[in-house]
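Down below are the structures I want you to see.
One chain, chain A, appears in both complexes that follow, with chain B as partner in the first and chain C in the second.
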Partner chain A sequence: MIYILEKKELDQTLTSWSENFDVFAPQKVEKYSQFVPFKSFSELTFENPHNTRFPPKALFLPQTEVLQKYRPNLNQLQEVVQTPKPRVIFGVRPCDAQAVTLLDTVFNTQENVDPYWKVKRDASIVIGMGCTNPCQTCFCTTVGYGPFNHDGLDALITEIDEKYFIEVLTEKGKSLFTHLPPATKDQELQVHSLQLEVKENMPIAFETKNLKQKLDKIFDNDYWQTISESCLGCGVCTFLCPTCFCFDIVDEVQRNERIRNWDTCMFRIYSQEASGHNPRPTRRERTRQRLMHKYSYWLDHIGKIGCTGCGRCVRYCPVGLDIRAMIRTASNVKSEVIND
Partner chain B sequence: MNELERKLKTEIERLFDEDIVDLVIAFKKADSPLRPQPAFYKNKAELDNLNYNSLCQNNLANYLTKYPHTTRIGVVVRGCESRSVNALVVEKQHPRENLYLIGIPCKGIVDIRKIINLTGEEVNDYTEIDDEISVRVNGNKVKLDRKDLLHDSCLRCVHPNPTNSDVTLGDLLPEGDPSIVRQAVESFEAMDRSERYAWFRHEAERCIRCYACREACPMCYCTECFVDHATPRWTESSVSPAGMQAWHIIRAFHQTGRCTSCGACERACPMDIKMTYLTDKLNENMITKYQFETGLDDKTQPPFASFNMDDKKRFIL
Partner chain C sequence: MTDNGHNPYNPIPMHVVRAYFESNDHSLKTFELVFDDHKDCIEFFKNYNPGQFCQLSIFGKGEAPFGVASAAWEGEFVRFTVQKMGSFTQYIHTLKAGDSIGMRGPLGNGFPLAEWKGKNLVIIGGGCAFSTLYALTKHVHHPQNRPDFDQLIVIYGARTSGLCMYKHDIQSWYQREDMQIHQAIDVPEEDWLHHVGYVPDVVREVSPSPENAVAIVCGPPIMTKFTLPVLVELGFAPETIFTSLEKRMKCGIGKCGRCNIGPKYICKDGPVFSLAELNALPADI
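Take a look at the complex of A and B:
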């Protein structure tokens, strides 16, 4: 079912949701755009073709999260699972919503449920903003996803002229829009043909067929040394990545808290072992890990590529490393040349 | 290739032909013309993708500490980079005899974020002829003025010419005006204490602790940074106000007498956090209190790394 929301009614819609929900939307923070609680219509940036700089995964997996509080010397631990107020996350790009579904396979499976993740997922209605103007750095279709994909969304907006066409995808999503007029059959066709056209016009950045096999074969190749040479070893690519989820648990003893912080395989200390040994001692192994995790190990686990093509790592890498170019070159490395 | 790039290429070819270096660190063209990448040439065969323009935003001195002291490295250096190299030589991070500095007087680095703020993200192509810079936005050519695009650190640059380079390509430029650095420090000092703290907090608390500032800085070469130290832990590792402020203030203090104001930290930061207002003040203190400016030669120890029998205060001796 597709409903129609006139653009000029959006302000009032968001305001009315704010009565019952915490509403998050991409808004201007400094000179970039970020998901923050909805304050002002004029600061909204969700129509910008590019994504928010900081990924919305942080709304489900905060960079720093208190897991437990304890009282010193009393041997008491108290789990702190804070159920958030019901919330609407508005204007999530399909790549980022897709990423959240990939993270569900880590934090919310039949065998393992992370309560901190689950309460935030359950409390959220996610409304997607389809991408009518994909950026130069976007490559979602290359990795098997798309600019109007539905995964992880409760409703998806397609913007045409002065109207938002809202495809309702779940019951949760439906609850927000039933008061709106439905689109006509012709309008529905128009929406779907636009979606298809945009998708088909996106260039394919690299070939993914047999990519995993190719990468696995060059695990020991000198290629990794070459591409890691300019890598600074900072955490920009992984912290801004919507699918990276690694974390580190620390005790902040002065506050009596056990805390989960994002961590990244790009840091030396990430893989540093207590013995002093480090299985990923140089940038060579660490750069390889980032690419292999997304393009090989995710496939081992769930059969999907663990990169949704949002392009943040491409845009914000301080040395201009482009994961698309890295993958392209990697697929052309001759696997029989093993130098190690 | 423009004239400067051709000269640079010829010089690098000569270095390989005459077996002067094992490796040359320069910049190369990447897929996006707006994001040239650091390049590591081991021989002259790959030099066709050599690139040099104002978008080359990294401080290449950063990479010296990643190679053994025995590697003979040729490196392209602008003013700030040459001073970083000198400072690293003083700190015995690479022997000067195994370095060959190819100096280029620098008109300042163009800040890609400033282009994007003016044109939007969908900017493409990039040409630069003297001070005329043009890009393409949605198929249309847009002319931009270099002075609107220079990175803040470059607007305050005092020494654009390389110091101590083995060869200098291009014409030397006039020195910058030191009072411009003062203006930046002054505007911070003009605030009262609570305003200054609010400013510091506002900048520090956007930090996502990716440590791009640290990794982009040539002087941050410790194998174990204080924030990574586990026993004892010196700071909180979470994105708490205390942890983020500790990182920013201690990072700055560790740069005292070592920072060359290249601004690589700010250009690397994904959250547009300002950091040079702290190091610029420390640099000024070094000049006024100790008559020391980082990297003007490759012999003088920074004040906080040296001691003398006739030091004013004798707390060490």
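Take a look at the complex of A and C:
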């Protein structure tokens, strides 16, 4: 079912949701846009072709999060997992929503549910913003996803002229839009053909067929040395990545809190052991880990590529390393020259 | 909280009942912990299998993984031997009977005991990594478990006699008729009656038969590296050689990301792997 929301009514819609929900939407914060609580309509940036700098994964896995509060000396805990107020996350790009579904396979597994993740997921309604103007750095279709994919979304918006066409995808999503007029058959066709056209016009950045097998074969190759030479090891590619989820657990002694912080495989200390041994001592191994995780190990785990093609790592890398070029050249490396 | 109210990041409240030095240089200390709440105890032993590990946890000091060094039948306690390495283990070493400590676990897969039923066990350990092998040996020793396995050979090496762990108990193993014990130290010492030499050489000397046998190797990487080829030389198939790995860990439940070797997480898919499984993984160790 597709509903129609006039653009001029959006302000009022978001305001009315705010009565019952915490509403998050991409807004300008200092120089760049970010998902923050909805304050002012004029600051909304969700129509920008450039995605938010920080992916919305932070709304489920905050950059820093308290796991426990404890009473010193007694080793006693205070529970801090609290169910948040129901919330609407508005204007999420399909690549980022897709990424959240990938992270569900890490944090919401049968064997071990991460309660901090789950309470935030369960409390959220995610409204997607389809990409009618993909950027040059976008490559979602290359990795098997798409600019209007539904995964992880409760509703998806397609923008045409002065209207938002809202495809309702779940019961949760439906509850927000039933008061709106439905689209006609013709309008629905128009929406779907636009979606298809945009998708088909996105260039393919690299070939993914047999990519995993190719990468697995060149694990010991010098190629990783070559591509890691210009890397500074700053970790921005992983911090801004919507599918990166690694975290560190540390105790904040002054606040009596045990917290988790985003961590990154691009740092030496990430895998440094107490004995001094480090399985990934140089940027060669660390760059390899980042790429292999996304383009090989994720496939072992769930059969999907663990990169949704959002392009943030390409846009924000300070030395201009482009994951698309790295993968392209990796797949052309001859595996015969393995030096093991 | 989740539906079943379980938060895998919350440590189980425990306290120390016994703490004693294991080595004469005081670098190794053993702690026996008991549960503050009996419900946690029942839950723990419902799930515990030798070869698993736990995260020991002290608020304000940190958390780190340690292999369990006791078998379930030994009593309602959990034993760990901790080597003093960094700030956290230094703090643990100051704990004495009565002090509280948190624990998360049991974690990891443990030894595939069901798969080993009816087999000869060749247990090869070096240094403080022997702790989980000690748990395994203790498990096998129980009269109810002993018939599950055929011959039992234990080879245990340490740098010096002073670094040999669980001395008194292991001394009594020489009197047992249902097992062989071979202890070794790296360099000769006066009054040392057992093997002298590195573990791989002792394994070659003892030369255990691969017939209907599995070999379990735990030790420092350098020992493991040189022992595995000896076993292969003796005729052990890669599917019958097992080892337990370790890496830097944080969550212990396959979420924080850092302990992977290729697609496998040591905390969740391991720490016990067969050589056949390891051979299929990239050299990311």
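Just so it is clear, the second predicted complex is superposed on the first by the 339 of 340 C-alpha atoms of A that agree within 3 Å, B and C clash if a C-alpha of one lies under 4 Å from a C-alpha of the other, contacts with A are read in each partner's own complex, and residues count from 1 in each chain.
Basically, a residue touches a chain if its C-beta (ideal position, glycine included) is under 8 Å from a C-beta of that chain, and two chains touch if they have at least 3 such contacts.
Because the structure is a prediction, the values reported are computed rather than measured.
Visitor: Let's test your reading of the overlay: on chain A, do chain B and chain C clash or fit side by side?
Guide: fit
Visitor: Between chain B (first) and chain C (second), which does A:Q12 come into contact with in this model arrangement: first, second, both, or neither?
Guide: A:Q12 sits against neither chain B nor chain C.
Visitor: What is the contact status of A:V319 with respect to chain B (first) and chain C (second): first, second, both, or neither?
Guide: first
Visitor: With both complexes superposed on chain A, which partner does A:N201 reach: first (chain B), second (chain C), both or neither?
Guide: Neither partner.
Visitor: When the two structures are overlaid on chain A, which partner does A:T178 contact: first (chain B), second (chain C), both, or neither?
Guide: Neither partner.
Visitor: After lining up the shared chain so the two structures overlap, which partner does A:D248 touch, if you call chain B first and chain C second: first, second, both or neither?
Guide: both
Visitor: After the superposition, just quote the angle formed at chain A by chain B and chain C, using C-alpha centres and rounding to the nearest 10°.
Guide: So the C-alpha centres give an angle of 90 degrees.
Visitor: After lining up the shared chain so the two structures overlap, which partner does A:P49 touch, if you call chain B first and chain C second: first, second, both or neither?
Guide: First partner only, chain B.
Visitor: I'd like to know which partner A:E30 touches here: chain B for first, chain C for second, both or neither.
Guide: first
Visitor: Which chain makes contact with more of the residues of chain A, chain B or else chain C?
Guide: When the residues of chain A touched by each partner are counted, C comes out ahead.
Visitor: Could you tell me how near the closest CA atoms of chain B and chain C get once both structures are overlaid on the shared chain, in Å?
Guide: 6
Visitor: Once the two structures are superposed, pull the chain A residues common to the chain B and chain C interfaces.
Guide: Residues 248, 250 of chain A touch both chain B and chain C.
Visitor: Across the complex, what residues on chain A touch chain B?
Guide: Touching chain B: residues 30-32, 48-50, 53-54, 63-64, 133, 135-136, 229-230, 232-236, 238-240, 248, 250, 252, 259, 261, 264, 267-269, 283, 315-322, 324-325 of chain A.
Visitor: Could you list, by residue number, the parts of chain C that touch chain A in their complex?
Guide: My answer: residues 1-2, 6-11, 13, 58-64, 85-86, 89, 100-102, 221, 246-248, 250-251, 253-258, 260-263, 268, 282-285.
Visitor: Going by the contact rule set out above, which residues of chain A touch chain C in the complex?
Guide: 67-68, 70, 72, 74-77, 79, 81, 106-107, 109, 111-116, 118-119, 216, 219-220, 245-251, 253, 256, 258, 260, 263, 265, 270-275, 277, 279-280, 285, 289, 292-293, 296-297, 300-301, 340
Visitor: Using the touch definition from the top, list the residues of chain B that touch chain A in their complex.
Guide: Chain B residues touching chain A: 30-32, 35-40, 57-58, 62-63, 66, 113, 117, 121-122, 124, 206, 208-212, 214-216, 223-224, 228, 230, 233, 236-240, 267-268, 270-272.
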